[in-house]
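If you scroll down you'll find the structure; I have some questions about it.
Which chain is which? They are A, B, C and D, in the order written, and residues in each are numbered from 1.
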Amino acid sequence: MTLTPEQLADIEEQRALSQPTRRAVSPGMEERLYTAHPVLDHGLIRVIDYMGDDNAITQAARVSYGRGTKKVSDDRGLIRYLMRHWHSTPFEMCEVKFHVKLPVFVARQWIRHRTANVNEYSARYSILDREFYIPEPDQLAAQSTVNHQGRGAVLQGAEAARVLDMLREDAMRSYDHYEDMLTADEEAGKQGLARELARMNLPTNIYTQWYWKVDLHNLFHFLRLRADAHAQYEIRVYAETMCDIVKDWVPAAYEAFEDYRLGGVNLSGRAVEVLKRRLAGETVTAETSGMSKGEWREFEAIWG
Amino acid sequence: MTLTPEQLADIEEQRALSQPTRRAVSPGMEERLYTAHPVLDHGLIRVIDYMGDDNAITQAARVSYGRGTKKVSDDRGLIRYLMRHWHSTPFEMCEVKFHVKLPVFVARQWIRHRTANVNEYSARYSILDREFYIPEPDQLAAQSTVNHQGRGAVLQGAEAARVLDMLREDAMRSYDHYEDMLTADEEAGKQGLARELARMNLPTNIYTQWYWKVDLHNLFHFLRLRADAHAQYEIRVYAETMCDIVKDWVPAAYEAFEDYRLGGVNLSGRAVEVLKRRLAGETVTAETSGMSKGEWREFEAIWG
Amino acid sequence: MTLTPEQLADIEEQRALSQPTRRAVSPGMEERLYTAHPVLDHGLIRVIDYMGDDNAITQAARVSYGRGTKKVSDDRGLIRYLMRHWHSTPFEMCEVKFHVKLPVFVARQWIRHRTANVNEYSARYSILDREFYIPEPDQLAAQSTVNHQGRGAVLQGAEAARVLDMLREDAMRSYDHYEDMLTADEEAGKQGLARELARMNLPTNIYTQWYWKVDLHNLFHFLRLRADAHAQYEIRVYAETMCDIVKDWVPAAYEAFEDYRLGGVNLSGRAVEVLKRRLAGETVTAETSGMSKGEWREFEAIWG
Amino acid sequence: MTLTPEQLADIEEQRALSQPTRRAVSPGMEERLYTAHPVLDHGLIRVIDYMGDDNAITQAARVSYGRGTKKVSDDRGLIRYLMRHWHSTPFEMCEVKFHVKLPVFVARQWIRHRTANVNEYSARYSILDREFYIPEPDQLAAQSTVNHQGRGAVLQGAEAARVLDMLREDAMRSYDHYEDMLTADEEAGKQGLARELARMNLPTNIYTQWYWKVDLHNLFHFLRLRADAHAQYEIRVYAETMCDIVKDWVPAAYEAFEDYRLGGVNLSGRAVEVLKRRLAGETVTAETSGMSKGEWREFEAIWG
């Protein structure tokens, strides 16, 4: 991540400014505000604004006139209860706004989460920067031979070098041509292609950026799917950075999320039966489990 | 609106507390925070939290690193442009959370606006208060004879008195019975009916309350429909109170909203044609307008 | 449920009409179409329209040009995979439209599910019928002494009789007054109160009705929460009726839903640990589980 | 648009199959079903399924037991009323599902419309085809000199030829490298890069495809913005194709949409004032209008 001196100055200026407010304040989040957290080679996440804290969740659940209980332990217990029983609306009472810089192919996955607000940098209106995601060598993985949408072993030697060369050269050439197409030059009789057209030449590892605003319930949903081991690495690192941030923002809610969602397990009715048989001392095999091969493989991965 | 001493103390306590924040602060909204704005006879609206200000709208539209321009006039021009061209996402970057106390029949209209977050006081879990909406005499209107879902002249004398008596007496009796059904009395062999059942006896002019959180774009959509002269009076007064609040929160955005939406007019293709013919000096009548009777009536109401 | 002869004729007329279509057809659902399924004393659910079948789910997951595989078993396996891995979008490719008649207090819970389309009978525009929900004696339950929002033992004898009398009498009286307020009588100098006002006198056990349209993913979400044992009985019976209907519509998807959601269990990270310790032969108690009392109680209810 | 023989056979097979249904049938839409409507050089739109017709809109608005009025003219009048008064929910009662093949940069604009259901072809799971959008010469426009996000004059001669060469060559080379990176070759010691990584090398004029399902109200919203003259040409042609389809599906609703939305005009409060002054005979200039330069330019474009 390389920020220009102007961008760094903008960030510092915002961090330096402090004003009084009557609103709920999360000390952990105030510390995070505006700072650029680096992700991948040129990406970043910045918290631009937030609304609410742990107490805002229980305050809304109680529809109370004041801030409610002063005891943090009471809030924590209620928050765990709400999370356990899938009460989603109190978590919707907290909101956060991020500034994210990310490769276009990551943005395409991200945007599938519809319950959020987005303003993306417009490549119809503006010119994109020459910044492309090139994977680190240890992320240059082969196609998985067992999982149709996963990664296998890391590429080695000549194959890895060749892939990196192709990615880098194609990115640079496409950007050179992008600039060339855009350039107007009266003497040469060049008008310059419209931005909305020239951008189509750029590969999807180019970086874009957006403001993304979401409530805590829907953010948790995003994080559960995208901080998961099955998510593509390039979006997972963004999710992990946001997990760290949310932990500082609403510690009690994050703890409940970690226990019930991130670290939790969903059992089918069949899986419940199998576990009960095992607890009763029976040895259950793939054949006697009533599960398909895929289900059994996933079951065994957790329960042995 | 009557608040208990505890509720008033809760509000005062929250208003008294001020903490530093790095976030965008709206001075007009800080002034509003927590205060109970009375609506109808027992209703209220309180701002519980907010995110963003006018500048947050243009900052998101520009996807900028800093707060963007320092010139308020530049923000104002861009905000008007965004509103005129139906760019909704920048307005979604501001968020507000209200505490609202309102009659159930108003809540039923309100909740039809789906893009918002709600936590309502639970009548399964808690006991509702003895508070019912009884209209002021000047709001006791007859059924409109021209509009199937509107009001006509105000009721007079005996009819008005009789209506008010029925509303008051039925409310009190239903609440007496609600309390009676709920009451457990071991000696009398009474267990007390479940709250989730007893509540069904209460008429829809009883007050409920909720926390309601919404982004500015969707709030504007709500206000355009509910602050409109065709909206039912009992929800319109809530919308009008929110209009006053939003004006203090994001003055430039509200000004644009007022000009382009609240005070604006939608013309059909036919209406555009009729106006052009009129501007060209032609006298257009209902017959030559190509409009239906209803359309022509509405057209004439504006253009004479 | 009492339908008028006109309503019955309307239903029969629609059922009698059959036309050719090129669209996917679900035989089980065709059988259900338009028929009024009774719920509670005056309520009903009717399927008005539907889009898609089991095959539409896998067809969309594969983004295929044709109907995809002809083997039902392949579809079933893929559907189970999609359900297990929380792939929600293929299930969104099926849609259903219901006509529902339900008490207002049930409608108020129902509408909290926002990702659906609703057209409700307007009490501003029209006059409501004299139909109120009065519970069956075996549903007249006391407030639970352990669960703040649940039911306990059934009321007996005099208490039950008294409650039913109050519910019936208050419903009838409020409706009499509703009619009285509405009635215009020129000779008597009565204008008749506006409908939008008179309705506020009616208790929430009066029946309303609406058209409700939802995609299969969001319907499953609704059913998981509302067919659950913790849901209020009066909404649960609607959910159960819809479960029967969905089973006929998309048998494979419903089977997967039943196994993974309705009959499934969510384990927290702590609960996973406790189960693993048990499987390893350890005796885990509430004290050594690391769970709160509430969590332990719920854990024991399933795992003993 | 080139379809493989297998794809054409799949389409023909689906079109040939007809089954009886009790559901509402739209004859115009049955005719459209499954057929591939070509858009751009390799894109297409196919109707996969639909729910409802014009009558379904008024049936829901009336919450009726039967199909409602038999008179098409009554439906038409009510539909115009609903459209004029922004009653959106009855239009939500119709649903349509499309199969769309489109360039990635168009997909990125399209997906910003969040109230819809989408299943996209997965480039993590599958390999994309070698199909890229290359503009027709008459669409190769220069950047507009007046509109920051629009097109100006068409490029000529050498500049145009050069742009087309770059677009074609970069597309082919990036796809060659994509294939190369993906290829496993045991003898050569090549594992083949994971699909989810290799795809990042592809420019955004490559074609993707998805199933897209949306209700009529939200489709109209999409069409109003994307069939507009200010929309980028490459998405507008998709919108225009859908306009033709919708016209066949729900003729009365489309007619109302065309009159009130597509052909309609939104006037600000200021613009209403200016028009009234003009109607009263006054000559209003930019200076005396109270409008900004941009507003006045847009006002003049319509009203002269």
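We adopt the following convention: a contact is a pair of C-beta atoms (placed from the backbone, for glycine too) under 8 Å apart; a residue touches a chain by one contact, two chains touch by 3 or more.
Protein names from UniProt, one per chain: A, B, C, D = Flavin-dependent thymidylate synthase.
Predicted model only: the values in this text are computed from it and were never measured.
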Residue numbers at the subunit A-subunit D contact, same meaning over half shared and different meaning under half, come out as same
Two copies, subunit C and subunit D, superposed on Cα atoms differ by a rotation in degrees, nearest 5, of 180
Taking each chain's mean CA coordinate, subunit A and subunit B are separated, in whole Å, by 35
When centres are defined as mean Cα positions, the distance from subunit B to subunit C in whole Å is 29
So subunit D residues touching two or more other chains come to 89, 112, 118
Contact graph of the chains (line, ring, star, complete, other): complete
Listed in rising order, subunit C residues that touch subunit A in their complex are 77, 80-81, 84-86, 89, 112, 225, 230, 258-260, 262-272, 275-276, 278-279, 292, 294-295, 298, 302-303
Seen from subunit C, its contact residues with subunit B in the complex are 103-105, 107-108, 111-112, 114-115, 118, 122, 124-125, 133, 135, 139-144, 148-153, 155, 157-159, 163, 166-167, 170-171, 173-174, 177, 180-182, 184, 189-197, 199-205, 232
Residue set of subunit B touching subunit A in the complex reads 3, 6-7, 9-11, 13-15, 17-25, 30, 33-34, 48-52, 56, 59-61, 63-67, 89-90, 92-93, 95, 97, 99, 117-121, 209-211, 213, 215
